[in-house]
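Next come two complexes built around chain A: one with chain B, the other with chain C.
Moving on, here comes the complex of A and B:
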């Protein structure tokens, strides 16, 4: 590997993510946007497993993993220690987790970090299920998606519950910045990370990262599918500042959700079930109205 | 009694993940490149390097052949071709590549 290239990146090759992994793409963008003076804490999940296969690490910055639930608590401690030593000014603290480590298992630690006002950025890589352990449903799994614990069949059309609105749960803490981004627009991730790190106080960023294995898509379709999620209204790109909706990415002519669903194996059962399909379209319509996407 | 559970930064680079590639691999045509750098920016492996027009290259020792660079290229200057070990590899490396997965 090119030596200069190894020096330029703070997340390098040789990690063991699947081909076309959306999360792996997002992590590099986040790490390079944050730069050298960064300390990262990590929850358990795909990212922890594929980036730091002992005794190796793909990260070029200090990186800590403790338990599944406490990425945010760990970041709070790191931030407090740095502040006590008078070193916080020039050092970014980033906590990162998957959607399970954010919406389910890590929620109380995250809420605590936001409520205590630690100067740290929490990044949630949202691939919409527990991919690492075999595609089990999480709080962030979308309505009617088929997972191994919410399988579609004769009596069920998949996950019966809507996706947990994490960005609003965080915004409800009236933190300075709470936003969603997506690998659909990779530059958007870089812009939002840089913007967030300039703000003092707790920040939350949720990045939509398609998982070729769990969503049953081809590895070359990661970005294409993420784009469809945004353009159908199923994954609104929004920014909240101090609890108020500040910006949302407009969709001039929303595509029908079937375009997004038919591209993925986890939604394929909906194409034969009109009632369930209409249910998903309703979610998109509600998003468009609620976030003022038009 | 206790060992330190720490790893050296960027030490994962010793895993040559290129051996995972199954069917396709990217080929940079180096004709229409506008130096936008998007292929390098989105590569989940981070195995594309370069900073000048038509001078980008893919490190086949790490490329897993996902095809996202070919998808994102605005000039369609990257094509996915049938996977085979590159000639630029040293003969010993190439021999090793052949052995993987057989």
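Moving on, here comes the complex of A and C:
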């Protein structure tokens, strides 16, 4: 790690993330897009464990973690203190969590932060299961994915429920901005972070970040697999403004979901199960229609 | 200025006098009047602070954690289930060395649901690393809120403080309280200037992963600091006393203990009742005294030992119980005293059961007779679970 790297990045190398970790890549993009005048509140999870083992930290901006479910409540407190001190105009507050810390255990605090109108951006790094504890199902795990607590088996095709629609749940608070992005498209993340931080009020950004270990993919395939999630229609890139769908990224000729599924161990059981495979294709078709992706 | 006011109003005024920057609290009986009064002060422009109407006590504690880390003096208050919902965060606040101020309006824990007073809530979080002080009356509550800020925020301490006040008995009781002047409080308590905070010009990381290589040292550090706080309480208490004329901040209060043969030990508002009984007993020629514990955390072992050393009988009253063991105060104090000293533990006043003058008289009588570790006082045998009706 040289001096230049430290000066140019607000999330630096030296952390202990797995090779090919999508979350870690996305964090660097988010931090660098946000820049120096940013305070980060972080939920418990992989990111916190691999980036801030005492006495080291990979963060070049002020950063605080305390618990799993309270990143949004911490951000509410930090933002309020900055407002009290008259410093809020110049400082971004970003809360960040994995999908469990967002959609499950952290949902109440997140809803509170959005409803109260705090000037903060909540970033969810969505790797679609509890990866830090060993790949257990979360509310954000996709339909028919096999995890350690929703395993596929002789009579099960894996997780029986679709992903919790977090971007809509946040948009339903009629906040100024609620969007999705993907680590497959770094520029898209950068643009959305910068756009969100220009808006005063609560914002939500959910970034799709493959986890090579949990998804059982080669660590060199992170970006390739993330791209397939977008191009099949399984991970629509959308933006809501004040509760209304404002933009969606078009995919002119959507690829069949099997292209995405066959690349991952967590979906491998579907390749021999036509009915279950068709079920996942239905999810993509519904997304394409609902968000007008074509 | 002396005012005849409700306890919650007095405590809210005390919190206001400390000039908090951020207040976050979630409503729960009997704490509500405190946060309502603070909200009104802000709405009327009398208090320059930001209030956050959080969606739970967990978020209230998390919000003040974040605000205090960002460099703002922060205040919260709760009771009972609320404090227990906060408990996960309370351990974090102490572990992260953030001097948050909390007023606990003490209330029993469910089940059965019960909104009345005992000490089970704050006792249940006694191991969190917070300074815990118990007030006998509303004057003490006011004084302890102001004085404990000074200790908590000392750069050598940087630990949170919880002032425990008996729900309803104090929070909803009307008493004459001498409210300090803002000028004097400003003079006593300087603006919050922490040695570390979330600062974009000096970026630091808070709340890191503590591996087995470092974790134990973080606990040792809190323990050593709390031991130092034992020495600071009398010092800051004297400074507070010189300025405001009251010795509310102290480790313990010894009431007629010097020559006492029987000493009762208790915390909180029941000490007022006990003092009345002590006076009556003294009139009858019985040498009875009271040792009131003000600082429960840190626990002043040596002071307690020395105060009780000449007593023939010690009766310890707990408004809490570690079910399956004994009352909290009893366990701590019994272990300090010689095994041949007669020390009895009494459980009383749970879930708002009144501890009356004759309850205390009975306790004195029982303490003089046989030794008990966990004797429940004023049980109604008619409603006991069948199996135990023969007690």
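Convention: the second predicted complex is superposed on the first by the 294 of 294 C-alpha atoms of A that agree within 3 Å, B and C clash if a C-alpha of one lies under 4 Å from a C-alpha of the other, contacts with A are read in each partner's own complex, and residues count from 1 in each chain.
What we mean here is this: a residue touches a chain if its C-beta (ideal position, glycine included) is under 8 Å from a C-beta of that chain, and two chains touch if they have at least 3 such contacts.
Fair warning: this is a prediction, and the values are worked out from it, not measured in the lab.
When the shared chain is aligned, no partner comes close enough to touch A:139: not chain B, not chain C. Looking at the shared chain after the overlay, A:59 reaches both chain B and chain C.
Shared-chain residue A:222: touches chain B; no touch with chain C. Of the two partner chains placed by the overlay, neither chain B nor chain C lies in contact with A:201.
Residue contacts after overlaying the shared chain place A:38 against chain C, while chain B stays out of touching range.
In the superposed model, A:176 lies in contact with neither chain B nor chain C. Once the two complexes are overlaid on chain A, the chain A residues touched by chain B in the first and by chain C in the second are 52-57, 59-61.
Listed in rising order, the residues of chain B touching chain A in the complex are 5, 7-17, 20-21, 38, 41-47, 49, 59, 61-62, 64-68, 70-72, 80.
Note for the complex: chain A touches chain C at residues 36-39, 41-42, 48-49, 52-57, 59-67, 69-70, 72-78, 80-85, 91, 108-109, 111-112, 115-116.
Contacts from chain C toward chain A in the complex involve residues 21-22, 24, 49-50, 52-56, 58-59, 62-72, 74, 88-89, 92, 96, 198-200, 203-211, 214.
Remark: chain A residues 1-2, 4-6, 9, 11-22, 24-25, 28-29, 51-61, 183, 186-187, 212, 218-224 touch chain B in the complex.
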